[in-house]
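Only one structure is covered here, and it is reproduced in the block below.
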Amino acid sequence: MFITRKAEFSASHTCRIESLSDAQNFHLYGEESNRSGHGHNYTVEVTLEGEPDPITGMVMDLKELKEILEREIVEPMDHRFLNFEVPPFDKVVPTTANVAAEIWKRLSGTLHGESYRLARVRLFEGPDTYVDITNGVRP
Amino acid sequence: MFITRKAEFSASHTCRIESLSDAQNFHLYGEESNRSGHGHNYTVEVTLEGEPDPITGMVMDLKELKEILEREIVEPMDHRFLNFEVPPFDKVVPTTANVAAEIWKRLSGTLHGESYRLARVRLFEGPDTYVDITNGVRP
Amino acid sequence: MFITRKAEFSASHTCRIESLSDAQNFHLYGEESNRSGHGHNYTVEVTLEGEPDPITGMVMDLKELKEILEREIVEPMDHRFLNFEVPPFDKVVPTTANVAAEIWKRLSGTLHGESYRLARVRLFEGPDTYVDITNGVRP
Amino acid sequence: MFITRKAEFSASHTCRIESLSDAQNFHLYGEESNRSGHGHNYTVEVTLEGEPDPITGMVMDLKELKEILEREIVEPMDHRFLNFEVPPFDKVVPTTANVAAEIWKRLSGTLHGESYRLARVRLFEGPDTYVDITNGVRP
Amino acid sequence: MFITRKAEFSASHTCRIESLSDAQNFHLYGEESNRSGHGHNYTVEVTLEGEPDPITGMVMDLKELKEILEREIVEPMDHRFLNFEVPPFDKVVPTTANVAAEIWKRLSGTLHGESYRLARVRLFEGPDTYVDITNGVRP
Amino acid sequence: MFITRKAEFSASHTCRIESLSDAQNFHLYGEESNRSGHGHNYTVEVTLEGEPDPITGMVMDLKELKEILEREIVEPMDHRFLNFEVPPFDKVVPTTANVAAEIWKRLSGTLHGESYRLARVRLFEGPDTYVDITNGVRP
């Protein structure tokens, strides 16, 4: 069984490789390479795999899950310019794929218990594009 | 190939273990433990796995699928207080996980044919939380 | 200029006039008259009319608006059975129209300032039905 | 890792087997068998599986993906009557399952690179029904 | 007070003036002028203006409203090719504006009672375009 | 009659009055005052008021409306940091109210014809907050 919870944050980013020229970055990333940055309302869906406790009927305490998402993801990333304020995006280009990978990394250290484990992180950059990272299988 | 169809129902529930005190239930379930109950617009997505018939191009007759969802899920659960009116929720706490498991149980007995079988039940309790049950693989 | 903010709450209700029989209530309200109640994820949109301050660019402090919606609407109504726990719905049938009217009443006493006033309350009972109350004009 | 991008097109179709009578087609497809056709706003989600390039952070150039979806799917299917204008639907009944299979076929020839491959096509016929085709695993 | 209810239908249409050439129609309507037609999932929102009955709390019986929308709009337009099967669209170009006007005309004869009247018809042709017709005021 | 079309753009902004301290800006704008900026997927809905041409059934050529929105709003604002790259937001705080007012100003000079005029601009900063500007009436 899988249980999924959503969270949202608003952030700025720019996609640029500093060793490349503006023209080369534009060729790679298009408008995403604008130096001043631009922003998104990101939506993240976090999925846990586990079995519900036979007494409580809960895979995980959803109040606790909400607090973890708030502490690990929303608080550090919301209303931030990712490249300047959220490591490792001073060194790693904050494409949707890389932001999702960072969210997976931050959560996988926290979201494992006796009865559940992190199964998927889905990150929407907007209504038309999203990235999935899973624990070894396809979405 | 997989084909998915949605259905909706509105229901009340409360999450409480009767042998526990109000304070203990609040500790476990938070506001969900309010004795009088509260409600949701539930959305259920039912996914079948199968191959389309080479002549008709259909995995299953969608008119029939709609009737089965109506008869097995919507009719018995819509506009009900789950704990009082929909067994086994007189004995089993109607968390989202347990309601999804009950929907899986009710459908898996009906939704299997020569060319298809039930692959996933996804239950949304609201826009931010959902549960998946699958036939042995991850979502 | 108008600024609108959404809030959400989950609640149970039943639509019944106690002096009527079950059959008469069913005739009036259909499945909504089920005595045990059922529930919804309600969404409320609150609209203020005013002009933005020429310095700050704000019609109203949105942080304050969020706190007022939380205190006046979400905290008292979320995870409640409206008929039993939220006056006046012990005496007034909690149809969508009457719940919207109660929200208007609760907010109109608080949401008026020198530079803005309450212009509209929109209440969704689900994705397909909503009610608007406005300060004297059509939606 | 998986990256998904949406595209939309509006098209007409009718579901009929020409060797059958109107009554037989109605029995099979219901209102979908109306000879004059009817239409949908189709939404297609295309998912690639791959790893982001360690320098660019991209699984695939999303500008190029958008162009491929435009060229292979939207341009030939948007604002068309599928049965009359989009082969093979002159010979194959354009059920949602068959349209999804055709989209998979058109994209799988193009969407494979050194670092990624086509993992899933999801086609929504409307808000309540969708089909998934995957590269060998469940959704 | 205003109460709004949604309904949906799927239909085909083409936007052409028969006395004009294909090129002239394309100049006017773009891809919408394709002779074979194309289709949409239309969503219509119907708004009534009135005051809730002081006893029942209802502006209008929503079960009856649902039946009227079904009978007057969904049944005659769903799964139809508007130009060929739904008068007056054999003579009137079924632009979103004209379809909305026809829906207003069909409903305004039925949706008026002692305590309510038709206030607005909103028709979505898709997620990005909609038309409003109101009883004399702006939306 | 009113016809509405949506457009989307992604942008960064920060809400700060430069003559105030960080603490004073935080008191006014909360997290929105973060100096580095943050971002949103903005959605703008533009509504025209007019009557459909009796021959063509169109209030305005929607292809032309789309081009105007692209040229006047999306092209200059999409993938930009509003405070640094989009006047007057070097001098005017880009709150949702002020961005909506600027969009109104940019469009009202262009969107008026013999048969239609600009009736409303609605700007969503995200799913929970939006601003309406109208030509003299309430939304």
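Observations, loosely collected:
When the chains are written out, they are named A, B, C, D, E and F in that same order, and each has its own residue count from 1.
Heads up, the rule we're going with is that a residue touches a chain if its C-beta (ideal position, glycine included) is under 8 Å from a C-beta of that chain, and two chains touch if they have at least 3 such contacts.
Predicted model only: the values in this text are computed from it and were never measured.
A count of contacting C-beta pairs for A-D and for D-E identifies D-E as the more extensively joined pair. In this structure chain C contacts its sequence twin chain E using mostly different residue numbers, the overlap staying below half.
Look at the CA centroids: the one farthest from the centroid of chain C belongs to D.
Taking only C-alpha atoms, you rotate chain A by 120 degrees to land it on chain B; that is to the nearest 5.
One finds 28 Å separating the Cα centroids of chain C and chain F.
With touch defined as above, residues shared between interfaces to two or more other chains in chain D number as follows: 127, 134, 137, 139. Contacts between chains, counted with the stated touch criterion, involve the pairs A-B, A-D, A-F, B-C, B-D, C-E, C-F, D-E, E-F. Residue ranges of chain C in contact with chain E, taken from their complex: 15, 17, 28, 30, 92-98, 100-101, 127-134, 137-139. Of all residues in chain A, those touching chain B in their complex are 1-6, 47, 49, 52, 55-59, 61-63, 119-120, 134-135, 137, 139. Those residues of chain C that touch chain B in the complex are listed here as 8, 10-13, 31-32, 34, 36-41, 78-81, 84-85, 126-127.
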